[in-house]
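Remarks on the structure that follows.
Going by the order they are written in, the chains are A, B, C, D, E and F; count residues from 1 in each one.
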Amino acid sequence: MKLAVQVNEGPYQHQATDSAYHFTKAALEKGHEVFRVFFYHDGVLNGTRLTTPPQDDRNIVNRWVELAEKYDLDLVLCVAAAQRRGIVDDGEAERNGKDATNIAPKFRISGLGQLIEAAIQCDRLVVFGD
Amino acid sequence: MKLAVQVNEGPYQHQATDSAYHFTKAALEKGHEVFRVFFYHDGVLNGTRLTTPPQDDRNIVNRWVELAEKYDLDLVLCVAAAQRRGIVDDGEAERNGKDATNIAPKFRISGLGQLIEAAIQCDRLVVFGD
Amino acid sequence: MSDVKKFMYLNRRAPYGTIYAWESLEVVLIGAAFDQEVSLMFVDDGVFQLVKGSDTSESDMKNFTPTYRTLGDYGVRHMYVDKASLEARGLTQDDLIEVAWEDWETEEEVDNIVEILDSKEIAKKLEESDVVFSF
Amino acid sequence: MSDVKKFMYLNRRAPYGTIYAWESLEVVLIGAAFDQEVSLMFVDDGVFQLVKGSDTSESDMKNFTPTYRTLGDYGVRHMYVDKASLEARGLTQDDLIEVAWEDWETEEEVDNIVEILDSKEIAKKLEESDVVFSF
Amino acid sequence: MADLYTVNKSPFEKNSLEDAIRFSSEGASILLIEDGVYGAMAGTAVSDLVAGATGRKFYALRADLKARGIAEDRLIDGVELVDYAGFVDLVVNHDKVQAWL
Amino acid sequence: MADLYTVNKSPFEKNSLEDAIRFSSEGASILLIEDGVYGAMAGTAVSDLVAGATGRKFYALRADLKARGIAEDRLIDGVELVDYAGFVDLVVNHDKVQAWL
């Protein structure tokens, strides 16, 4: 079955991102297609490569990256939410005159249309949030 | 009177950061001393220079920076919280092998002791959170 | 499954205290380009999103309440409000904004698509939807 | 005002669902170096923070429940639990971890500093504090 | 088929569980995750929400119960435990998912 | 002097206002900010929380009431409006601040 996942919260502050990850991983392991994981609101903060969590805790960002590498998963950060919260890729840095980027590998920034498209294309949308 | 302010939430997601800013500004305008604004939990996300909020909305990060410039305000981001959430200055970048920084000017990263010290030194601690 | 899906946006949070109401509205605005059948549901503190008379001049936040009035132009066909939530908050339909809707092709018009429903009717609308967005 | 302040940490959230419980605990641990008079208060879902038997192996989160047991060594003198919150959740003191405390100089010992209080007693403890931390 | 409702809030803190029950139709399934699993505990002030909801099937995520130290013998009768793979099956085997946050 | 309690949650969503009243002592002041200002509305299912709390003085932040479209004639009698400068004065004129989030 074709699934879409929406994540509304940032890493560590709220367990929603953990739930979304474990759900997505389980779905992929069962052979389902995860068409897209769409990060909205503070969810875009999952896509920064600058985190350094404590050694004895999970690395939420890296987990997403590794899952995306293994399953060629589409991890999309909403551009409007990312601009408000300071998540930047090369294109955004150039457009908005920023002197650095912080996006993690395997993540991409795109528009809200990507969420709508996922909801249209997929058999199920599963939302994780606060 | 000597005041300390604690901010637990990131910009835009929750109004707590707005309340903290307006309170701090009003206290300074009334001639009180704001010894320190301590950013904890997602509050550390107030200290990124990479945000680009919509033109018709407030710029939460820049507001803090301008307030700090005008009143020489001490804006402290908790280091442990900042590491979890990917807020990095030069020192943190070097220590943790990061290839970029995103801290905004006038903010500094330091330990939780800075919150305790502020609570001891000040006549009042005012907490803003979710 | 037909080409057009029934989208339901479920709104349960007060405006301004958090960004969920506003960023949810942004999805609805963008979603208009996709020609789906769109309804919005307001339950719990979500009913406060539709209260008239917002003035953010003293709080320096963006006032997005007027945007709800324009939703008829963005393809939103229904805006449902939970009766119990409204009553618990001492509100009536008079306290809420009105949203007009017009079908440009058929010239069909509705003065106000904001409609108060009881729990049973809401359960039915939710069940009949194809996709529920929560924020 | 004396050199030593009475610090009160007010905990009202469940553990694990959000990070507040854990990051609040980190403040208490760091704060031990400052020699203040420290108490912790657990109200509402905060009482769940002290429930025994946490096992995070299936959820891949850091298990910080054992850390509460060590708080006596970090200078925490009192841990208060709201009776009404505990009862509403079907819990008794037997469900909660125990925290021992010892004064190394006077050799005074307390087997368990976790104490259940009623609303009036809690109001008094809050009022007698010099600083209240909320997370 | 019917809908799957997810509830991630403590029933002592927010009315999401109450809402999910109130707005669900007969035959719906309600999955408790994150702090929502506290709604599966027997003998609490809100146990009647789940115990009294006829025509709804309740599930709780085992990993989240264990993290919070809630032993299986403390659960309301009839609540079924699932792991994340079971969560996926529930999503697949229902018409759609409604997240009551 | 007495303590100042700040409440920033809607009383329809969380019990912070109820707690602030329950755990405050006579003479305390309770300031409603952010979504907490909904607690100042008359004629709601929770108006009695404020209207019935004797020995406590209630304040509400005007900017937050206005943003939410709550007109002054909708407020419970005795609730006093303040701006941010008034918020600062309340902090200064009480023993300490307790944030009930």
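Methods note: a contact is a pair of C-beta atoms (placed from the backbone, for glycine too) under 8 Å apart; a residue touches a chain by one contact, two chains touch by 3 or more.
No experiment lies behind these values; they were computed from the predicted model shown.
Common neighbours of chain B and chain D (chains touching each): A, F. In summary, the chains found to touch both chain A and chain E are C, D. When you average the Cα atoms of each chain and compare centres, the chain farthest from chain F turns out to be A.
Across the assembly, the mean Cα position most removed from that of chain B is the one of E. One finds 29 Å separating the Cα centroids of chain C and chain F.
As a whole-number value, the distance joining the C-alpha centres of chain A and chain F reads 38 Å. One inter-chain figure worth recording: chain A and chain D are separated by 35 Å, centre to centre, where each centre is the mean of the chain's CA atoms. The multi-chain contact residues of chain D, meaning those touching 2 or more other chains, are 16-19, 44, 59, 61, 131-132, 134-135. For chain B, the set of residues that touch two or more other chains comprises 8, 12-13, 15, 22, 41, 54, 80, 125, 127, 129.
Multi-chain contact residues of chain F, defined as those touching 2 or more other chains: 8, 13, 15, 34-35, 63-64, 83, 96-97, 99, 101.
The list of touching chain pairs reads A-B, A-C, A-D, A-E, B-C, B-D, B-F, C-E, C-F, D-E, D-F, E-F. Of all residues in chain B, those touching chain C in their complex are 12-15, 18, 22, 54, 56-58.
Residue ranges on chain C touching chain A, taken from their complex, read 5, 7, 19-20, 23, 26-27, 30-31, 33-34, 36, 131-135. On the side of chain C, the complex with chain E involves touching residues 10, 12, 43-44, 119, 122-124, 126-127, 129-132, 134-135. Contact residues on chain F toward chain C in their complex (touch as defined above): 8, 10, 12-13, 34-35, 38, 41-47, 62-64, 66-71, 74, 83.
Residues 16-19, 59-62 of chain D touch chain A in their complex.
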